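Chains here go by letter, A, B and C, matching the order in which they are written, and residues are numbered from 1 within each.
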Amino acid sequence: MRLTFAKTLQLAVTLLACAFLFIPTMQSVLAGLTANYFRGISSGLTLKWVAQVWDLYADSIFLSIWLAIACLACTLVIGIPAAYGLARNPGRVSRILEEFISLPLAVPGLALALALLQLYGSMKGFRTSWTFILVGHVLYTLPFMVRSVLAVLSAMDLKTLEDAAASLGASPWRRFADIVVPNAMPGILAGALTVVTLSIGEFNLTWMLHTPYLKTLPVGLADSYASMRLEIASAYTLIFFVIIIPMLVAMQWASQRAQRIK
Amino acid sequence: MSIALKNVAKTYPDGTKALQPTDLEFRAGEIVSLLGPSGCGKTTLLRLIAGLERPDAGSSIHFDTDDVTRLPVEHRRVGMVFQSYALFPNMSVLANISYGLKMQKLPAAEIRARADEVIKMCQLEPYANRSIDALSGGQRQRVALARAFAPRPRILLLDEPLSALDAALRDKLRDELAALLRRFKITAIFVTHDQDEALAIADRVAVMRNGRVMQIGTPEDLYHNPRVPFVAEFVGHAVELCGTVEDGKLNTPGGRLALPRTDADYQVYVRADDVKLSQDGSLRGTVESVTFLGTHYRVGVSGVVQGLLYANHTGTTPPKPGDTVRMEIAPEALLLLPRERHAA
Amino acid sequence: MSSATFVRLCFVPLIAFTLAFLALPLVRLFFASSESSAGWGIYLEILTTPRYLQTLVQTVLVSLAVTAAALVISTTAGLFLARNRFPGRGILLAILTLPLAFPGVVIGFLIILLGGRQGLVNQLTSGHVVFAYSLFGLFLGYLYFSIPRVLLTVMAATEKLDPALEEAARSLGASPARVVLDVILPGLAPSLVAAGAIAFATAMGAFGTAFTLATDIDVLPMVIYTEFTLSANVAMAAALSVVLGIVTWVLLVLARNFSGATVAGGG
């Protein structure tokens, strides 16, 4: 690579952007592992803060994982058939429907949460149960599942494959189970990883929907940022990174794989 | 299994008449080709027989005595080979071929035995466990055929089974396909836009145009006795000789030509094979193009018909562009066809 | 069961869920905005009350600034990374895209680590440079959020550009700078518009970052939150949500129709 003036400038901007994104991340990782952040690394490395976070917030972490799994189950059950239906009827109505279910991508989570609270806030049993948060998560992640599966289904000649299966005697349900789902797998996988990653990190909706007894991982994070010492907040953030970064890497890998099918 | 179509028509929701009301009979065990240019309705007709399209009200389709008009495709027990083959990418060759047998809920051992039998018939033994991606075009075509045939369908339907292959392979596989279909001993209908393919494989050919069957007959019959100009043009590329009839002869711009009969109003057609370059021929024209085609030269001559009249010349010394040549056409080689009333 | 019936059945779970938890709540939210003494006049009130109007203007200005900065930085870095191969490129790319999964709250915390009272800058300068809780801190937080998203869009679009176009321009004698101006940027324009709209819309609606920074700067999502929780002014919170939702939604629809691209807003 030959460095001209223009390229040097580009490189400088790139490095600056990297520094901006990376330095605070590293700070947070180090702060979570340092005995005393203000005295610096010289105070020694420790897992004490991580252990304390675990004592304080293990419930939140497990709740988030449980919510992510439940959310995944819901988006699979709702999203795969819906994507199939949209792929089979590529018309105006389908586009409007797809646009409508994608609203939660555009409309801020705060507004959606307010809307849910307005309608269901008075139903105490539902309002205070974990399923209320689940509804928010499904609402927000469903469009990712639908689009991911739909993209793969639209890229193949679904109609002809189904005609072929039908000509061999397969009922609509068998065609769905034997042909549609297996061939949509790359899209389902990419969608599933996206759903789980987003669900674990979701804050905007969850903050409004949660109750003091149901704190998810990001709600706990906000809580620790507001009320805990910096080392604990950092250690908690570190745990979040450890969970979310492998998910993100897997999600990007799966999405690229699904896109190659086109 | 014989097939009888009565008054079968198809109108699409946007009002397009893909198939005009059609009556056709296919005899048990015969191989019939639906031949025509794209958009002539041949694929629609095939899909109607398969049950992949719903015919207009008033249509009726019978397999032997069984009325299948309203039966959806999955209950018609037809085998279908798709233009793109539509092999299931998530299944191996064997799983593709077994799929139809599995849908019949046969015992596993029988599925395996019958799949093996068809695999052997189609010479696919080395590929049984391969994935679809690992197959060549010709192998895919055989898998598609084997998959369609394995469940012992009542009829076999093939939609342009050779068009996904490259030209070099197509000729070889055409003969293979013809041999396989005869070994299957099954009523087979296949759609093609390629007249060579239709003539080579089929017992009978139905030539279609604008949603109508123009003529159905044996390949020889269609070639030698076309009943309408379109069939003459489409099968064997006949060209029209225009001119006025006088004293049993046709006056063309290139000279006078003897006619076999003079009874009625007809159009005169001729094929390149029947135009002979000859010193004392009665037609004359100017050579515009000479193309070497291996077994013969294709000589394009102007001055006789509108555009070029082609002659297949088998001699070793072809004329040169610009030469004036004489040609003769035997009267019995001329095709006399009733004048077409409507221009399409 | 016929094929058409089966396909229709496939929509049932989606329609039931969407109706119950999206369509009806949004309708309810819309009507809730009229349930104060002001009635539908509440939307007029937003424009005539200086505090709300100022919030609206301020939110738009911050979002515009974030959009511009994110576009400049990410286009520069994205083009550089897409067009050059060098050791360490993969690491830079990973650093620039990993924050995709960070929610706004976490980003708020990272900004505090950078510019808070106990932050890095304050320690290094030993002066009192604290910016995390200011408008600038908010700006940096939103920028942090937007850089990876815009970058990925730019890089995806760059890879789709036909390299032959650039080679053709070069063969006609264009300098590298002219190639960028005449070929690359026009080719990227639709994606840049889409990425810019996404950056703008997410900045408009971002809540987590502002929440963590506990800033006293009035941006729309914070005002909605305080109206709802502290003032219990449900109608105003609903009305502001409706306005915010419509603005961001319209922007993203326009952007998508312009470019055909879809990138997650999120966070």
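What we mean here is this: contacts are C-beta pairs under 8 Å (C-beta built on N, C-alpha and C of every residue); 3 or more make two chains touch, one makes a residue touch a chain.
Owing to the predicted nature of the structure, the values given are computational and were not obtained by experimental measurement.
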Item to check | Set of chains adjacent to subunit A and to subunit C | outcome: none
Next on the checklist: If I average the Cα coordinates per chain and compare with the overall Cα mean, which chain comes out closest?
Outcome noted: A
Checklist entry - What chain lies farthest away from subunit C once each centre is taken as the mean of the Cα atoms? => result B
Next on the checklist: Distance between subunit A and subunit C based on Cα centroids, please, to the nearest Å.
Outcome noted: 16
Checklist outcome for this item: Between subunit B and subunit C, the Cα-mean centres are separated in Å by 59
Checklist entry - Approximately how many whole Å separate the CA-defined centres of subunit A and subunit B? => result 55
Item to check | Touching two or more other chains - residue numbers and ranges from subunit B | outcome: 72
Checklist entry - Of all residues in subunit A, which are in touch with two or more distinct other chains? => result 166, 171
Next on the checklist: Using the touch definition from the top, which residues of subunit C touch two or more other chains?
Outcome noted: 2-3
Checklist entry - Can you list the residues on subunit A that touch subunit B in the complex? => result 156-157, 160-161, 163-171, 174, 178-179, 182-183, 185
Checklist entry - For subunit C, which residues are in contact with subunit A within the complex? => result 1-3, 5-11, 13-14, 17-18, 21-26, 28-29, 32, 73-74, 76-77, 79-81, 84-86, 92, 95-106, 108-114, 118, 120, 140, 143-144, 147-148, 176-177, 201, 204-208, 211-212, 214, 221, 224-225, 228, 234, 237-238, 241-242, 244-245, 248-249, 251-253, 262, 264-267
Checklist outcome for this item: So, in the complex, the side of subunit A touching subunit C is made of residues 1, 4, 6-7, 9-11, 13-18, 20-25, 27-28, 31, 37-38, 74, 77-79, 81-82, 84-85, 88-89, 97, 99-101, 103-112, 114-116, 118-120, 135, 138-139, 142, 144, 146-147, 166, 171-173, 176, 194, 197-198, 201-204, 207, 218, 221-222, 225-226, 230, 233-234, 237, 240, 244-245, 247-248, 251-252
Next on the checklist: Help me check something: in the complex, which residues belonging to subunit B touch subunit A?
Outcome noted: 50, 52, 72-75, 77-80, 82, 84, 86-91, 99-100, 103-104, 147-148, 151, 157
